[in-house]
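Pasting the structures in now, so scroll down.
You will see two complexes here that share chain A, one where it goes with chain B and one where it goes with chain C.
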Partner chain A sequence: MSIAITTQIICFSVLSLVILIGALGVVLLESIVYSAFLLGGVFMSVAGLYLLLNASFVAAAQVLVYVGAVNVLIIFAIMLVNKKEDLKPISDIKSRRIISTSICLTLLSLLIRVDLTNVWSLSSPQNSIGEESTIRIGEHLFSDYLLPFEVASVLLLMAMIGAIVLARRDVMSKDISTGLPVDQELIEKSSEPLLTNKN
Partner chain B sequence: MMNLESIPIQAFLIVSSALFCIGIWGLLNSRNAVRVLMSIELMLNAVNINLITFSSYVDNNLIQGQVFTIFVITVAAAEAAVGLAILLSLYRNRVTVDMESFNLLKW
Partner chain C sequence: MEYGLDLEYSFNEFLKGFGLSSEVAHIIWLPLPMLLVLVAAVVGVLVTVWLERKISAAAQQRIGPEYAGALGVLQPIADGLKLLVKEDIIPAKADGILFTAGPILVLVPVILSWLIVPFGQNLLISNVGIGIFLWIALSSIQPIGLLMSGYASNNKYSLLGGLRAAAQSISYEIPLALSVLAIVLMTNSLSTVEIVNQQSGAGILSWNIWRQPVGFIVFWICALAECERLPFDLPEAEEELVAGYQTEYAGMKFALFYLGSYINLILSALLVSILYLGGWGFPVPVELITKFLNLPINAPFIQVFTASIGIVMTVLKAYLLVFIAILLRWTTPRVRIDQLLDLGWKFLLPISLANLLITAGLKLAFPQFFGG
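Moving on, here comes the complex of A and B:
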């Protein structure tokens, strides 16, 4: 990394602030659409952190796959399922919140303690390969990681076929658990006006 | 152990720990199923930050952490596609995305 240390620190602080605030927004905001767009911002900032860590190829892959594919997929899913509905209130929501928040805070303090107290055996930063990392990734992928690389291609094919099979349009005529007929009107969206009943 | 020529490794690790815990909180507390999938993506990103950090600080000659991150990104893309397809077919049959009403496999 050739940029000065002050620039690095400024970039790191801005990026990590955007990541943490954006992630909090993703889980806390009321509107799911805002969450999806904030998630895109978090992915972009994580790509910036990868650039700061000399991983330019992974940063490019992050932008292409996460922002370009996963985030767009999530936004499409939100467009398909975004119906305003009144959620049924849960009786013990408060105790659930307290328990889950305390578990998360405990885990966070444990992780931070491990981060700070462990003695990391760092290598010297002089022999950083930097720009050549892309070449090195290619060498890894076609020599010692060849089998996982091929298995990943099979996995992607399986995921594609599985997604097509699962998201196909033929639905069951009856609800599995209740036995009631499924409302077919909601499946054929053409008959439903899009903007009128959105109170 | 800290050298002043670069950002300490602990800073990156703390950011990734906080991101992971935010992801877990969202996973446990969301009622919208799409938001659960988003929280899983946040947790996967925290893991990726950890892998890249160790690849850059601990072994920066053999960058195996970056190769692992490529695989994690691949699996995360597959997971998102299948998860959202499952969500769509659930929505077709249940007409809701509320996590509390998905109790088909409950004993």
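Moving on, here comes the complex of A and C:
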């Protein structure tokens, strides 16, 4: 076994372990802040897996989009609305746990079955394109994948409109969360700069 | 452009002379450039700290450090040693794990980004194909570290500083990436080596700054904002937030933040010089000089000479920009947070988008000047 292959195997096993443990931690940890930070770690390790597959552009895009944007925004939101709140004890927790465990186990067995039955090796070994992949991805995005690419931008637009509606309560006559009529005057007053009233 | 020193190749050949296999030679080679870059980054920080002290002193009509070594050049080393021996304090109510991981997450991506900084044709750690994109991706990790340390400190000023840092970094990443995209459009490649080679045709006249003046200014403003330098140092605004996310840090953990911010400044300056100021290129092309002097371009001593000129030019340009950044820090007031976000979203973003459109148009209209 050559040194390159050994390195690859070590990297792959470490990354997979980090992904598995991190993902379990995201779900199981009580502290939501830890979950969010661990999610970032999982995203990073997935980027590492892409790197192992020689997909460096996809890896960098994964870091930029998922770690740099999605995860930062998740943490940002958690820290802005970090209310200390005791969760209500759920009455039938035992039966719920049993149901969710059985569903998860069924899904796992299905995935294992998929893994064992499907033929994963490509019939003809594609010549690896390596650094060319950036150009190839661009070509695909603007030819046969143009529609999904453009639809994704509509999704972002929807998210943006939602954010504006949440942020600018003053354009709505009713409060979104409570359904009560919004006191327009109060909002107008609070948006005035404080220093101008001093003189 | 296939000439130039290839130290890796020569080193591997040298080791193979002792009967080692090429793989073992490669493994022995691997840590060397990494170590070199770490040393270069730390020395760069020491120089920058000294410059900062001296220039700020000059700006305020003081003398600055002068007893530690000649002209106080040893002052940054004294600072570093002091931080090294200070007690490492974790506040009682702080979150120990996140408190420790924060500074590391801030520093590591910055040092990793040095991977793509070329000092010559083959004088970089790795000529990865995604080049400059790697830097953009890595620099987006930093706000997580800042948020982490801001949260873990269990201090309202720290949390505010961390949130401000993240907001600022997210806002200024977009115009930064768009102005880099304009350069990439002209180069047809993401690789930093290609970007420099594309500017090397006619010396100073072919530098990107003449073709991308708007991009240059947008990039520089955004780079300063990403480094959290004044006028954009809101995350650590000392009059409002004590020291922002660094408030609770002491000793070596504080030193990591300190190192990180200065390494980031030098890295940004290096990248501006690579993207816009011709990288390692001499204002007059070296090929022209050797042709004029009738010297063979491939002779070993000429190659060593051009390589050292390349390193000197890269460092010189970078430190010129560092000088401007320091001068800006000590002569400009801080902007308010709403002004900062207005500048980022309402001014720099539209301008960099227009710059991208115009670059694309010019590239198609005049392919001989703007890269075919």
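We take it that the second predicted complex is superposed on the first by the 156 of 199 C-alpha atoms of A that agree within 3 Å, B and C clash if a C-alpha of one lies under 4 Å from a C-alpha of the other, contacts with A are read in each partner's own complex, and residues count from 1 in each chain.
In this section, contacts are C-beta pairs under 8 Å (C-beta built on N, C-alpha and C of every residue); 3 or more make two chains touch, one makes a residue touch a chain.
In this text, all values refer to a predicted model and were calculated from it rather than measured experimentally.
Within the superposed three-chain model, A:57 lies in touch with chain B and with chain C [touch as defined at top].
Once chain A of one complex is fitted onto chain A of the other, the partner contacts of A:104 are limited to chain B, with no touch recorded for chain C.
Within the superposed three-chain model, A:79 lies in touch with chain C and out of touch with chain B [touch as defined at top]. When the two complexes are overlaid on their common chain A, residue A:69 makes contact with chain B and with chain C alike.
Legend: residue contacts after superposition of the two complexes on their common chain; A:3 is shown touching chain C, with no touch to chain B. Counting residues of chain A touched by each partner, chain B versus chain C, the larger count belongs to B. By the touch criterion defined above, A:14 reaches neither chain B nor chain C. Touch criterion met: A:39 reaches chain B, while chain C stays clear of it. Chain A uses residues 57, 61, 69, 73, 76, 80 to touch chain B in one structure and chain C in the other. Of all the residues in chain B, the ones that touch chain A in their complex are 1, 3-7, 9-15, 17-26, 28-32, 34-35, 37-39, 41-42, 45, 48-49, 52-53, 55-64, 66-67, 69-71, 73-82, 84-89, 91-98, 100-101, 103-104. Touching chain B in their complex are the following residues of chain A: 1, 5, 8-9, 12, 16, 19-20, 23-24, 26-27, 32, 35-36, 39, 42-43, 46, 49-50, 52-55, 57-58, 61-62, 65-66, 69-70, 73-74, 76-78, 80-81, 83, 85, 87-88, 90, 96-97, 100-101, 103-105, 107-108, 111-112, 115-116, 119-123, 125, 127-129, 133, 136-137, 140-141, 145, 148, 152, 155-156, 158-160, 162-164, 166-167, 171-172, 175-177, 182-183, 186-187.
Per the touch definition, chain C reaches chain A in the complex via residues 23-24, 27, 98, 128-130, 133-134, 136-138, 140-141, 143-144, 147-148, 150-151, 159, 162-163, 166-167, 170, 173, 190. The part of chain A that touches chain C in the complex is made up of residues 2-4, 33, 37, 40, 44, 56-57, 60-61, 63-64, 67-69, 71-73, 75-76, 79-80, 130-131, 134.
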